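Please see the structure below; I have some questions.
Labels A, B and C are assigned to the chains in the order they are written; within every chain, residues are numbered from 1.
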Amino acid sequence: METTYTIWQYLFTLPVHEIPWWAEVFRSILRVVIGLAFGLGLVPIYVWLERRMLGWVQGRLGPNRVGPEGLLQPIADVIKLFMKEDIIPTNVDRGLFLIAPIIALAPVIMSITVIPWNGSKSWGAVAPGLDIGILFLLGVASIEVYGVILAGWSSNNKYSLLGGLRASSQVISYELGMGLAIIAVLLMCGTLGLQDVVRGYDLRQPHEFVAGTVLNNGQGLINVLPLSGTGYTFYMLDWSSGFWDWNVFRMFPFGLIACVVYMISMIAETNRAPFDLPEAETELVAGFHTEYSGFRFGAFFMSEYANMAIVSTICVTLFFGGWLAPLGILNQVPISWIQALTQTPDSWVPWWANLINSLISALWIILKLFTLISMFILVRASYPRLRYDMLMRFGWKGLLPVALINLVLIAISLAVQHSFRDSLGTAGAWWVGQIIAWALMLAAMLVAFVSVRKSYASRQRDIASGEIPADSPIVRHPVALALPALTSTEK
Amino acid sequence: MPNFRDPSLSVMEPNVLSNSLLNSYIPVLVMGVAAIALAAALIGLNGILGPSRPNPQKLSPYECGVTPIGSARERFPIKFYLIAMLFIVFDIETVFMYPWAVTYIHSGGMMIFNLIEMLLFVGILFVGYYYVWKRGAFEWE
Amino acid sequence: MNDTLQGIWAISGPLFVAIMGMVVLVIGLGETSPAGRRFLPLGTILGLVAAGILTLVSSRGIPNMPDVTPARFFGQGMLMDDVGGWFCVTLCLAAALTAGMAPAYLEEKRINNGEFYALLLFATCGAMLMALANDLINVFVGLEILSVSLYILCGFSRRELRSEEAAVKYFLLGAFASAFFVFGSALIYGAVGIANRAISLQQENVSFTNFDIISEALQNSARSGMPLMSSPLFVTGIALIVVGLGFKASLVPFHSYAPDVYEGAPTPVTAFMSAGAKLGAFAAFLRLSHAFLASDGAEPYRLVLWTLAAATMLVGNVLAMRQTNIKRMLACSSIAHAGYLLVGILASSHGSASLYATQSVLFYLLAYTLMNLGAFAVIIWLGRNGGDYLDIRDYAGLAKKQPLAALTLTICLLSLAGIPPTAGFFGKLYLFMAAIRSGEVSIAVIGLVISAIGLFYYLNLIMQMYLREPHLEFEEPREGGAKRAAILAAILTIILGVAPNLLVSPSPAGEMNAPPPVPMLKTRPGENTLERGSLPIEPNANR
């Protein structure tokens, strides 16, 4: 079967597995440009949004002079940074000092690669065919911490060193909770590909599912509808689906717990308030980038904000349905409508129909992203900074066990569902599995509360007997912090 | 076993399959080059646009305006090493869970067996976790 | 799934030791009361006894798998046979004696924590895994479990600089040795894989580091005219592995750490290290040399072993003569003993005397464990608040002050020297007999001459104890567990020396052409032990 294709078809319309490598390079460059435009182009807007919102929360104006509503302020700041002197202090470890900002920024940009912005198999992400999405993200994202610690070490500055150490140990501490929360999603979806995670396979029939096949209508979320002859294979979405199918509401409340763990970890991972100890101005000047100026400082600044956006997008993708709309009907304009409207034959679709639908998907993910960013900003505006021991204790003693137990409970529930599916049917098995997991969860919570109460009582005794001073800096256990009423020892 | 690849690929000739595999990694390569180039270019641009007028005061380490005392590369608390070691241990345990988690719901009749194996694994992990907790490795003071 | 369960049953001994280690670790966390502290060594010893029994039971036969000792498990990666069982039981004995002698010593140094016993158990588990491994990778896993535990144990007395120094030295060198080992394994994997492809063993899904596969590849490649032994990749791999294992067994020229580390480490740890690490390393050596059994081109391997054995015996004994510190002296003597053991390993790589040599190595390791641990136990026994009597001159006139201790130490030293009514004598006899049977007469003669040199420093210490006037009082010896352990070890040494056939029966007077003397452990009556031989390949002298 020898078919000749036009250049246009190679570059734009053919499915990805039918084109030669040079056409894919061209497409990649195009997608990379789109990805960078969205990934980095939005950074100034976050900065503006943050400053305005903080101003609003604190009862002041924020930047409002440069451009309409101060929108051009971040652009002006960037231009200013370009015009500043790039100072390399004496006695720095020159090589590492120069390369650290690049090591901090490049992995963040790299993370954009696998994030899907719509359902297309050829155009839906920078690397839509990559089915190891989550592994790639974790691998790339963990490089970033090298930039931070190298900057701290090479600067020959005490603040930088301490800031770098703090930042790196904080990041690695919270990476564990984050990793375990992600594993919970993997467990529920059974796939590493982010596109598949977004589409969210129906857990109740995992054994019947084969990735990428045409799912039967009404059961799964999505129909795979390859439009013959075009590379723009995308997914016709089921109107009956909606936000209740997102991973965050899966296997309630375990998906939610994983989501909360992930969101707390992501705030800590990006060194944002209330976990912004590495840059605590009152203690460490500016932390690991104290000695940096000009755009080397700008690179750290940009990597922080871009990283914030990236982890939020990952959160949206993993837990909040990615590019899916909250209601199935809002997902896209059905092709058949467009065909009816333009009176085109069934076998042909106007090129702009796909474009419109992909823009709708991209719009949803950006909307969700800004919601999360706003949450970031409001958290920063509302909570005081943690002390370092509290931070560490919360990560290791709070998030880690919660995420681990959550994982185990999901696995138990799934196994029970699997064993009862034949006798009780899908829905019945779901309830049996969930009830067993809920019972185990309550038992675990009971154990935690009892142990916290016990350690609390012994602490009160120690205070009463004068063994430790009443104002000693040991604070409450994280569980107790969340639910003070349950652990209060006052009579 | 479920087929994780696009089933439309499995009926094609091997060279198409490898073509598809290669094609799916091309964007990663392009993005990697773009990321490093962009980061380097932005910093390079600053070097071109920005002035360069160094003087000894400007180039001295920042210590709140005071002349720096001693070297910055001193010993730092051993706690950081401890955190790093614990991270390595727990992170590797986490990594072992990835393949298990991905194949778990596809494991069919072996699901209970897989569950028991992972419970043993997590159990051993918990013994270590409990030990480290009780020994006070998570206390920062 | 059934295979997995059978495999788990087969290696239930080491698994039980590991679980016991975790239990002791967790119990040790909260225990501060004296009664709780006492439980730790007791629980450890009981666990080790139980693990020893489990090993004996499981090495006798695997449920549902009759008549298949040695049986392979876990994808051919582990095996269970009489050799492995013997190693495991000896290891349990060594660890139990250590746990018995340790408490008073640790209590004085304020380090009597659960971690000590847990690490001891983990180290034992690692060495047991080495003994049961049928694959270089599994040997490596066991080696690492053993080594990492020993690194920590060496520095366990963390308030003493000497102990820290020992730990750091041992760790740095040991990490290198482990790296050598694993790199060697990688090279062997490559070499065997290439050979497999060239001569098409027709096997898929096999590990090229598996001992069976290595042995098969060696035979087949020798037959096909492209001997694996002449492949530089393989020879380099074997050399690296010998370096890695040689370090653990403290063979010359990888011995230089031994006196420092043995001196610095807490005495019970030194005792365990001298036995446990050697047991693990020699188990791996034994499996490795069995892989060479039927191969024609194994001469380079044997030449290397010959050189190492001669050098180790000589250097160990010469070094020991110059020592004035008893721990250093015992460390050097343990180097020398590694040399004697290597003679047995060398003999076991010859098909003609392989079984006999294997048995003699096993017997010697048991005897060595008993006499060496006995000697260390006496040192702990005599110690008093604040320190041990480590200078050899301190032992002058010990017989007058502490006759029982002097007698026990004398028995152990005589056994180490190889004087007749003790286990050490028969151990050496069997080893050198095995060497002569296998045709390695030269190394046997060298060994005999050198062990005569070794008499000097053992007898010197005995002379100190019995013929000199005491200048120390030896007040308030620790006694307790250490005393019991020492006496037990000495009694067992004598028993093995008087009746060596009680456990093993390689007849020393056997004829040269007689079939190899049989049972590894005492077997059940009526059981044909020849078929349950320990070798992966039937030795075939006529081939």
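One rule holds for everything that comes next: a residue touches a chain if its C-beta (ideal position, glycine included) is under 8 Å from a C-beta of that chain, and two chains touch if they have at least 3 such contacts.
Please read these numbers as outputs of a predicted model, since none were measured by experiment.
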Chain with minimal offset from the mean of all protein Cα atoms: B
Chain whose Cα centroid lies at the greatest distance from that of subunit A: C
Subunit B and subunit C: spacing of chain centres that average the CA atoms, whole Å: 41
Rounded Å distance, subunit A centre to subunit B centre (Cα mean): 14
Distance between the centres, which are taken as Cα means, of subunit C and subunit A, whole angstrom: 53
Numbers and ranges of subunit A residues touching at least 2 other chains: none
Complex contact set, residues of subunit B against subunit C: 113, 124, 127, 130-131, 134-135
Touching residues (chain side subunit B, partner subunit A) in the complex: 2-9, 12, 16-17, 19-20, 22-32, 34-36, 38-40, 42-43, 45-47, 49-54, 56, 58-64, 71-74, 76, 80, 83-84, 86-87, 90-91, 94, 97-98, 101-106, 108, 111-112, 115, 118-119, 122, 125-126, 129, 133, 138-141
Subunit B contact footprint on subunit A (complex, rising order): 16-21, 24-25, 27-29, 31-32, 35-36, 40, 81-91, 101-102, 105-107, 109-110, 112-113, 121, 126-131, 135-136, 153, 155-162, 165, 169, 172-173, 175-176, 179-180, 183, 186-188, 190-193, 203, 206-207, 209-213, 226, 285, 290-291, 294-296, 298-299, 388-389, 392-393, 396-397, 400-401, 404, 407-408, 411-412, 414-415, 418-419, 473-474
Footprint of subunit B on subunit C - complex, ascending: 1, 22, 25-26, 29-30
